[in-house]
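For reference, the structures are reproduced in the following blocks.
Next come two complexes built around chain A: one with chain B, the other with chain C.
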Partner chain A sequence: MRFRHLALQMVKYTFVAWFVISLNFVLSRLVPGDPLIHLLGEADYYYLLLAEPAALEALREKYGLGDPLVQQYGSYLASSLRGDFGYSYQFARPVLELVLFRLRWTLLLVVPAVALGALLGGYLGAKAGWDRESAVGRHLTAVFILINSIPPYGLALLLLSLLAFWLGVLPVGGMQTGGLTGWAYIWDIGLHLVLPLSILTLYKTAYHFLIMQSLLDCIRREEYVLTAAAKGLSQEKILWRHGLRNALLPYIATICMQFGYAVAGALMLEIVFSWDGMGTLVYQAVLSKDFPVLQLSFLVISFCVIAMNLLADFLYAVLDPRLRGAYVES
Partner chain B sequence: MLNLNFALRDRRVGVAILAAFLSVAVLAPLLSPYDPHAMGVPYLSPSSAHWLGTNDIGQDILSELLYGARISLFIGITAAAIITLVGMMVGIVAGYLGGKTDWILMAICNVAMVLPSFPLAIVLAAYLGGGIKSLMISICLTAWSGTALVVRASVLQLRSAGFIRTLEAMGANSVRIMFWHIVPNISGLVLVKAALAVCSAMLAEAGLSFLGLGAETEKSWGAILHYAFFRNGVFNGYWWWYLPPVLCISLCITGFMLLGRSRRDSASEHEVRS
Partner chain C sequence: MNGKKLIAILVLLLLMPGCGPAMPPDAKPGARRNELRIGTTLPHTQFNAMTEEGAFGKMNYNSFTQAPFVETQDHVQVKPYFAKSWEVSPDNRELLLTFVDNAVWHDGRPVTAEDVKFTFEYFKNLRKSTYLQHLQQVEIVGADKVKLIFSQPLAFSALNKMSTFVFVYPKHIWEKVDNPRAYKGTDTTIGCGPYRFLSYDQASQTSHYQAVDNHFRGKPTIDYISVRSFATHAALVMALKNGEIDAVYDYGNPLEAGVVGVLQGVASVEVGTSGDPGNYQLSFGFKTDPSRDIAFRRAVKYALNYPLMASTIGGYHGAVAGGGIIAPPNRGFRADMPPLRQDKEKAGQLLDGAGYVDRDHDGFRELPNGQPLEVAVTIRFGAAQKPVYLRLFEILQRDLQDIGVRVRLDGSVNNESLWSKRTAVDRDYELYLGFTNAGIASYDSAAYTLVSVAAGGWGTCDLPEYEAAFRQLLASRNYAEYDRQMHVLQQFNDELVPGIALCWNQIFYPYRTDRFNGWIYYLGWGVVNNQTWYQVKPVEQRQ
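Presenting the complex of A and B:
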């Protein structure tokens, strides 16, 4: 049962991956204008069009843009499987190399933020969900709801101007001052990381707090909680030993499945803080219409999200005793 | 803080916030002291002539904000209406008809759920170019899936209810059952989802406009923020330029969120009582 479920999910994710790859192809061919513009960049395209039309035709041959669409799609799929996603005219490098390099910096921001936010939000949310009238429940719920309605980059702008511009306690942007090595280099990156990381962590904490709170708010009314209380267990023990345990599985699954939103939030923050990860890369690609970079960035982010979804399904299959039981029965 | 917490459970607070923003949007031409596109002296700080100063090309920021309410609310509400309508239709049809239709619709829905919506919107908006139409497509393309799943789940419960079975036994047309009898029963749920859809649509619009992917000639709050940031309003300390749009977006989203939350709260209280 549980392996059948996992296999089904794998089929679904393969389909999603195929869909994303194909969507990139369809978009680049459907959009009005010569597809060569998207491969060469506007500047080079118009230069060649005026100065050397013959070279432009040769390039069209080389990229197979004269072939029937089906054949083009076939060779597109084949080169995608080989990991050949083209060349960025803006950075003059293969896009795969470029995007994977930038991805590391984004993950340096996203992974600690999600982990910290999940722990902090989970802990506070558990307390608030268990006892609505507790100090945590009364005060933090309102604060976190309000935070959730401020766009992250908006809050980032305000804090940036306050801490970095007016008070001057933190670096204004970028990832490093430059010219440093060893521990000084790491400390410097850490300083640049403080503001974007704390804002992203704050948002993840707020989100996970509200999730955990509503999970425990439901569990609190379950009959086994009443039984545990009747047995004479303290509220603390019921919460951490029985309540939390039952909330943990859907909670972990939510963390994994929300990963895509965390990445999206990080993209915007990176732009505000000129952190050289995927976000600034995507922004530069949008500005210069560097479509190969844009396409692969979307593909890589989608693959990260798919991987996290798969992880959620896998954890369910391994951890959920109900699925395990069903497996034994069958 | 206790008052804040209390206010956040009160639907009237949400209604009041939204009523204020809606009337500003409608009355923008009457309220605005200047034409938001008219240029003048740049970088003026707030004064009695320009309450919120001027931007880099001397446009009055207060007028920009008032007109911005029109664009931001229009895009947010229209996109949310499309998202909710599509999600509701898919959810009802999948839940009520079941079988192969359900399987196919849910397969599409599952794909839409997994796709990272904001990065997809960036790619789409970049390909389609600026403009309200491409902004709408980018926002709506995957956002309907959440509503569809929730609606389907509650239609599945309703399908076996007595009154639906009676209607079926009487030979009622299934289209009529779906859209005449099931819709009123899920309207509370759909309205909650609609209010939250406005929040996510407004956030998506603001984000895309902040990146410069919005409707180029229109002044939404996100677009004002775009210029405030990328033309160095932040690093020059022009707070009157970047602070107001952030406040407007946040306050408006809080309003819609309160509308959604309090509706859900009163719905669950109703369930408990009955």
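Presenting the complex of A and C:
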């Protein structure tokens, strides 16, 4: 039974994956504008358009942009299965190499931010939600609501101006200085990571704080909490042993979804800090109508969301005894 | 451990790397003593000498890794580079280039006449570039001489148009390549310029270059160049201020006054101001009424609030433009033309006299034939300057409505395909808020954007006098003729009003003076130019 259930899940996710692959193909071609402009340059493109339209069409055929959509889709599917995602129009490099490079730097920035934000936000949110009248509850709630109302790029620019521009204690942007090796290289990356990571962590913390606070605020009114208190357990023990365990399920779902979408990068922050991640890659690809890059970028993001959904399903089954029993039975 | 302690420790850990004094410029990692660090917002996309894309492509406009045949210095006139001399035939249809005989490619092979012939044939047959329009034939007439034959009397014009932008290419690398733009070999950066490409660090978005010892112009004064990409102008300015870069190069994208303001008074930083050779402009479409009517165009000219337009575009640095549409830094500019001025009363009188009256008393005029009058304004499509164009439209709309002309924004404002079709294919716009960039302004001039395609331009103006003047400009055989024709064009522009310049603007390319000096500033271009490699030296060398 378990095996059958697993097999059904795999079929379901395979279908979802195929659907995502096809949707990505269609979406990237809905972007208006002619990609040839970015291949040829504006001046040459318009000159050919007027003076030698036949030459322009010949170039379109050469780049495969004139093929019927069905043919383009067939080529796209076949090459995707081979792991060949083509070359970037803009960067003239293999798309897979480009995306993997950018993904690495996005993960370096976003994964610690989401993890730290989840831990910090969860801990503080639990404390605040359990006792709304405490100093933590009152003050931090106001602070994190305020932070959530400020656009991240606004705060980023402010801190960048203060710490990098006026005080000069941190680099103004980029991912590293270049030309360094060993510990100096690691230290240099750390220096460049401080500001963007701090800001992203701050916002993730605020987000998770408010979620956990809301969850615990509901849970503390449950009858089993009252029962536990009546049995003589301290509030601390009730919170961490009973309250948090029940809040974990929806909280984990939120974290998993955060990780999934995190691969899309934090575009605004990447621009402010000149951080060459997935966010700026997708943005540049949209502007230049770089179809191969768009396709793989969306695919990677979609698969991450699917993978995190799967992980959330699995964690639910592990953490929730009610589901675990049903899972085994099915 | 309680929550407060945990928070305090985490904050300390995050801030620790930032503690300590800021490092002086020379002490920053990666800054070799004789390394000039250039910052740009151009992304590092491709390293292909056959394209003009990205930081590498645009840096080559400064005679960097590639050698142009001729180069222009500061919008004055072309100077020799790879071509040491030239002759234009009396009929202006032939251009004889004599080039240096000791140039060597970065891979050690000598540059020959075959390379030169290959280059021009590539531009003629494969690239079909606007730089060498009407090139008919290329002939080798000597070991160091090549003749270009044109189908039209445009040899002198071609010499100027290709200046800075057309480089000699190695035949032994590119002749075997079907599609140079898509070629991915390791020799795509090979040229015969004063610098060779060394490496690209993707993580720091920095490319590195080294001086060529045996360059035909001599060894450059700077041993190493690094070019680093930043996402925004703000990051660029911060990096310059902090000493992470020495100069800024951003082709066609100068820094705005608002961003550069923070550099005023900063030690060892020059703001680097000059007039902008390009300009924002309002163009009239000559395919429809009322733009075809000279009375209407003159009325619009008197209706606009020019000081407001100028301050919208350039802030305190924007000045009211003259009627000639050619910006001050350009060759042939007429300083005697008075600045444009607003006179709504006169505008109204012009419209009244031409039959544009409000027959139905709704506050708006109708066409002379009684049909409703509503003018559509198309604005240049582009994410970066869209807010400026939208604001200019608002001013234009209000000013024209004050004289009874109803105005609306064209639907192409959010549709690039429609905008391309309207401005490049059908050319059926009525009023167009656009821009002449520094590249076009350098020789073709802003008139190129106004005059019809039939006359060799990009616009719609088919007035015989204007077309004839532009053709004469392109057919100039020397700079004296060119200057004369520029004067004529500006006079026609003021009288016939095919277009109106909206601002004479200032642009900024800041640079530092603590590590290098000897900078030469090109108007509208900045201190990173084709003279940088032979004039700029580390500060110690000059002492």
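Here is the rule we use: the second predicted complex is superposed on the first by the 254 of 330 C-alpha atoms of A that agree within 3 Å, B and C clash if a C-alpha of one lies under 4 Å from a C-alpha of the other, contacts with A are read in each partner's own complex, and residues count from 1 in each chain.
Convention: contacts are C-beta pairs under 8 Å (C-beta built on N, C-alpha and C of every residue); 3 or more make two chains touch, one makes a residue touch a chain.
Bear in mind the structure is a predicted one, so any value in this text is a computation, not a measurement.
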item	value
Touched partner set for A:Leu157, first chain B, second chain C, both or neither	both
Chain B or chain C, by number of chain A residues touched	C
Which of chain B and chain C A:Leu170 touches, first, second, both or neither	second
Contacts of A:Tyr224 with chain B and chain C, given as first, second, both or neither	neither
Touched partner set for A:Val272, first chain B, second chain C, both or neither	both
First, second, both or neither for A:Leu287, with chain B first and chain C second	both
First (chain B), second (chain C), both or neither touched by A:Trp240	neither
Which of chain B and chain C A:Phe19 touches, first, second, both or neither	first
Common interface positions of chain A, toward chain B and toward chain C	157, 160-161, 165, 172, 271-272, 287
Of chain C, residues touching chain A in the complex	3, 6-7, 10, 14-15, 17-20, 22, 28-30, 43, 45-46, 48, 51-53, 127-130, 133, 179, 181-182, 184, 201-206, 226, 228-232, 234-235, 238-239, 241-242, 244, 262, 383, 415-417, 420, 424-425, 453, 458
Residue numbers on chain A that touch chain B, as the complex places them	12-13, 15-16, 19-20, 24, 27-28, 31, 138-139, 141-142, 145-146, 148-151, 153-155, 157-158, 160-161, 165-166, 172, 260-261, 263-264, 267-268, 271-272, 282-283, 285-287, 289, 291, 294-295, 297-298, 301-302, 305-306, 309
Contact set on chain B toward chain A in their complex	1-2, 4-5, 7-8, 107, 110-111, 114-120, 122-124, 126-128, 199, 203, 206-207, 210-213, 225, 228-229, 234-235, 237, 239, 242-243, 245-246, 249-250, 253-254, 257, 261
Partner chain C, residues of chain A touching it in the complex	32-34, 37, 39-41, 43-44, 46-52, 55, 62-63, 87, 90-93, 101, 105, 116, 120, 123-124, 127, 136, 157, 160-161, 163-165, 167-180, 184, 187-188, 190-191, 194, 197-198, 201, 270-274, 276, 280, 284, 287
